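Two complexes follow with chain A in common, the first pairing it with chain B and the second with chain C.
Presenting the complex of A and B:
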């Protein structure tokens, strides 16, 4: 298996390079991040040239890519438009661990900005996955072990409702009911009625900085995101479990007198969870990308919001790093999924 | 299930990592909804919402109010020739750009700082702070991103006469010395000069000339409360990434009579990026004030209040801004052939009910206040008429220009007659561009219907502003390549100056292969206008200057390439159960200084 993993990692290098080139070219050609200065009558042409030069935007595109890769501290750059090099660049390049400076947030490295947002996104994303997997397993197993019962039909109907609703609609409905109307009712005299926060990661008024506050602010975004995932995942679990519990080895297990609980959770679930592992393996890398819509609605200061704001400003260093992180996560999770497969199903062998 | 356990563990770890928060605040606290998270303190920031924050912790040399009256802030009085603080010195300059030196007079402006002002760290504010700013602006071979504008080109020298007096001398006639290329004393020199504890200095070799990159000063290293020194009613005490910025009273503000002590102890700017959520937050009382929202529609079709207008304990009010959306018409060679005829352009303006649109999309009364010219109202010739909505007049002008209603189907009962045609049978179809900024696309649709009534078809295009519509000629921008017929967008003027926009309105600004950065996208070109507009920009005497403007403006007006369509008001929604709205109405000023009078705000009684 060691050789297999090394081979997969080596295969990933050209893939990541291609992704880097494509992302770089796309982001660098889609527009000018300093275009807004053209509309500013206070900014002279010389100032625009200087600022573009300092940011390396006057260099030819292939050279910009080389600078991004290996740095520009060896490159003498013309900043006063006299055709002669004036100052050396200051970046060391990706291969030397320097992912560049943000254009939108001056004086800040792209990796530093992403490092600030990533924990918030991981907190939200991982919590959502914990809730999603736990609840969808429970719901899916229950539905599979009680097929076509009233409960199964109700679960199926609710799943379809949530699965067909866009996330922003779920989020706004939840906010309207549990944050706005409950709060107005609470303030209007129903003191016993609890209400959830409208937005943000902490209270706007009288915050104490406790973890309980943070957890309370996670309820709505987690529920909004998880409700849609649970609807989809639970259908997968149900279908997969139904197939497995009707197979020969499960009948044999019943014939041997094993308890239903042992058969379901030990023998059936392990095989039934294989499709779920694939699904999770495909989805989990995108936790890093953040939930763009949900983070926007709930003012959750994560990667999704960062992506939108960086895209608006055509902040290439941040966006390229963002894309590369997601790409690496996809490659790694594919590998992890394959390895998990082998653990769950010993018949799978690597060659 | 092990996988789930691992995920759960990771979630708990992340919770611990993230789990810090702001401290509870004491006294009167106001929470303001802030729709963008700021990037950096002004002036380095690209973001307007960073610049707005400076209103809490910084004051300028002088400011101006909604009536466009300039008032002193950091100086004893606003310099004018009448009070002797503005004099004129003889200079010889190539004023016409023809290589010939001519005798002229350049202003010399004396800044008398108020005595007793302190930075928020307790250091006195002196002329050294003003000289620091001057030296940055005049820095040779700058490496930083500071926008210097005209300053290095038009300022000859600055001299500190004493600790509180600085004289700024220009090298050319420069009548806008109060609004452009002015001296600032708003940056604490002691944070930049010498070793301020962080090892940064602007003068690295000690020769008196600045050679460092001011971008790299610790002062600009993000919103670091410990580094941010200002002269204003508040100081930044906390900056919580992704959540809020907290401002508390500046202990060194209020020690002088001219410094109003704020009644609000703490101001929190809470970052809420989604407009629906901003409304929710105000409705439930999580915030006390929302601003910069689209407040032009107070009611629905049945007349019921909507949005902020429907909330209990919330009052909405508005102030004027500097931006006016205008209708721009292309008279250039790439426009539809009809557009090159001034009668057609004039006819199209008469076909649009501009006052009605302004009332509908900017609130009742906005139509009556529409400006007649692009320059501010106080510099517009009084006899310049407003081109009123006149469908019959529009039809007549189009007919006179050779665009006829060949099938005679235009009438008051027919909202969409067939397009007019010329002698060659070409139908009248124009390309109409705007940006997605609300409510421009809606206005565009209304105008399309009104143009249709006079036999003009408008194809509507809504495109991104910076990257598509406003991009330069070299980047194939729609406006600057002239590949449009009508456009709707805003170009701000200087609210205190009669100057036109040389880049946008003079012949030299017409974009071409030889002039790829040209911005004159209407192709309006008149040498007499250029001459008069130039004289406006170099004449020191205000009366004479105004006469030049009054002579220039009708030329631009008669070309019918620009018409106002909607003043862009600034809207505010305030919780009346917590704050006294009447004490806040004066806050709205032109430009970006929304909160320049925050120290006068009062809690509800």
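Presenting the complex of A and C:
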């Protein structure tokens, strides 16, 4: 198994390289991140050249990639446009743990900027997944143990509708009911009626709120995101549970006189959870990328908002780190999935 | 000659023994029509299509795209059944023409995605393990790389690259914003990876089967084997992916529009009708309820149909 893990990690290296080249070429050919300086009359041509030189934007594209990879502290760069090298670069390159400096936020490292937003996104994303998996296990198991009953049909219909909903529509409906209308009712005399906050993570921007306030601010975004994934996941749990429940070994377990509860939650669920592990393993790494639309709607200060802002500013170092990070998470989660799978299903052998 | 007639005779006698033998297409169609949700989906989708086509008789596209600033943000009334938008355009008329564009984006984008996905899947599956195996390794690494991007991130990165082309193109005698073409390309180019993997896996198992060996023995070319013998056996997952994909593409377009990266006005889509609604969504609820409802109904119908197709085409279920 150790050998298997090492081989998978080695296989990931070309994958990461392709992703890096892809993002790099896309971002570097799309436009000039310092375009706004051209329109600024206070900035002289020489200053502009110097800034571009310091950020490495004057180098040819392949050289920029080399600098990104191994650093530019060995490279003598021309910063006053006289055709001669003047100063050495300052970056050490990705391979030496330096992901470069952000272009949008001057004098900040890309990794620092991402480090600030990542906890917010993880908080939201992990909560959503915990809620999603718990609820869809409960709903899916219930539906599978009562197949084609009235309750099962209602659950199926509701999940079909949510599954077809764009996330912003769920979010807007939630906000309209629980924030806007509830607030109107609250102000109109129903003092006991609470209404939910819509914006950000805390009551006032910048202030450190209490844990309760944070949880209160999370209700709407978590519910919006979870409702859509629950729709898909619970259908999936139901299908795989149904398949297992109808198999011979479950009948044998019934024949031996085991309790229904024991059969459902121990014997059936363990096998039915195999496909679920694969699904979760495929989905979970994308938590890191943040929920772009949802974070936008709720002004949640996470990776999704950072991505949009960085994209508008063509902030290549931050964006490349962003995509590399999700890619690494995908690779790692695939490994974790495989190992978990082997643990749950002893028939699986590593080859 | 005698041997041939004898074989023919055997086939004929087999047919007599099973007079009710149906073609697979007929079996699938019968099973599809028995699927109540799928038939309901066809009904829903037909209603939406009728709305988008018959509506043209009552409103012109010029009217749909013409702003009347003095009428901005009018709530639904007898004159404007679905109200007016932020520059006073009639939402009902924009729903009709926007629906056409949204559906067209969905269908053309998925046609592109299906074409790429099927081609890549067929080729990689066929050459895997052979002399040209490196093509398979290379393309599959590329697919893995694309799948390691969050899909919306990949879309937005590429949309930046396709640039904000603000000109218009003439499609079927209508002036349409060129961003429509960009969006179609975007969704098409990012939507094929899953299918290529499904088709590749199918081809891998199909090419080991006897009928392929037989075809090769009688001298069929690689292209003929792929197109005549392997492709028809991959039709079921391709059809299901295509159907469900159209719904997905319509939603993707509305996400892009919602984030401001979508189709540019005056051309309407269901997505961009609600584009700027975020700042005024509690006062102008009709601006998101109407396109939202239409999107959900359409996607729901398409999902029902896709579900029905999946059940109908699943060989494990054929009775």
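To be clear about the criterion, the second predicted complex is superposed on the first by the 347 of 351 C-alpha atoms of A that agree within 3 Å, B and C clash if a C-alpha of one lies under 4 Å from a C-alpha of the other, contacts with A are read in each partner's own complex, and residues count from 1 in each chain.
The definition used in the following text is that contacts are C-beta pairs under 8 Å (C-beta built on N, C-alpha and C of every residue); 3 or more make two chains touch, one makes a residue touch a chain.
All figures in this text were calculated on a predicted structure; none of them were measured in a lab.
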item: First, second, both or neither for A:169, with chain B first and chain C second; value: second
item: First (chain B), second (chain C), both or neither touched by A:326; value: second
item: First, second, both or neither for A:130, with chain B first and chain C second; value: first
item: Chain B versus chain C as contact partner of A:180, first or second or both or neither; value: both
item: Contacts of A:18 with chain B and chain C, given as first, second, both or neither; value: second
item: Larger contact residue set on chain A - chain B or chain C; value: B
item: First (chain B), second (chain C), both or neither touched by A:63; value: neither
item: First (chain B), second (chain C), both or neither touched by A:35; value: first
item: Partner chain(s) touched by A:286 [first = chain B, second = chain C, both, neither]; value: second
item: Which of chain B and chain C A:138 touches, first, second, both or neither; value: neither
item: Common interface positions of chain A, toward chain B and toward chain C; value: 30-31, 172, 175-176, 180, 296-297
item: Chain B contact footprint on chain A (complex, rising order); value: 30-32, 35-45, 47, 50-51, 54, 79-80, 86-87, 104-108, 116-117, 119-120, 122-123, 126-127, 129-130, 133-134, 137, 172, 175-176, 179-180, 183-184, 187, 195, 197-211, 213-215, 280, 296-299, 301-302, 305, 309, 313, 340
item: List of chain B residues in touch with chain A within their complex; value: 3-4, 7-8, 10-11, 14-25, 29, 31, 36-37, 39-40, 44-46, 141-145, 147-150, 153, 215-216, 220-222, 240-244, 268, 270-274, 276-277, 280-281, 283-287, 466-467, 470-472, 475, 501, 503, 517, 519
item: Chain A to chain C touching residues, read off their complex; value: 14-15, 18-19, 22-23, 26-27, 29-31, 160-161, 163-169, 172, 175-176, 180, 286, 289, 292-293, 296-297, 307-308, 311, 314, 319, 322-323, 326-327, 330-331
item: Chain A-facing residues of chain C, complex; value: 141-142, 144-145, 147-150, 152-153, 156-158, 160-161, 163, 247, 251, 254-255, 258-259, 278, 281-282, 285, 288, 292, 295-296, 299-300, 303-304
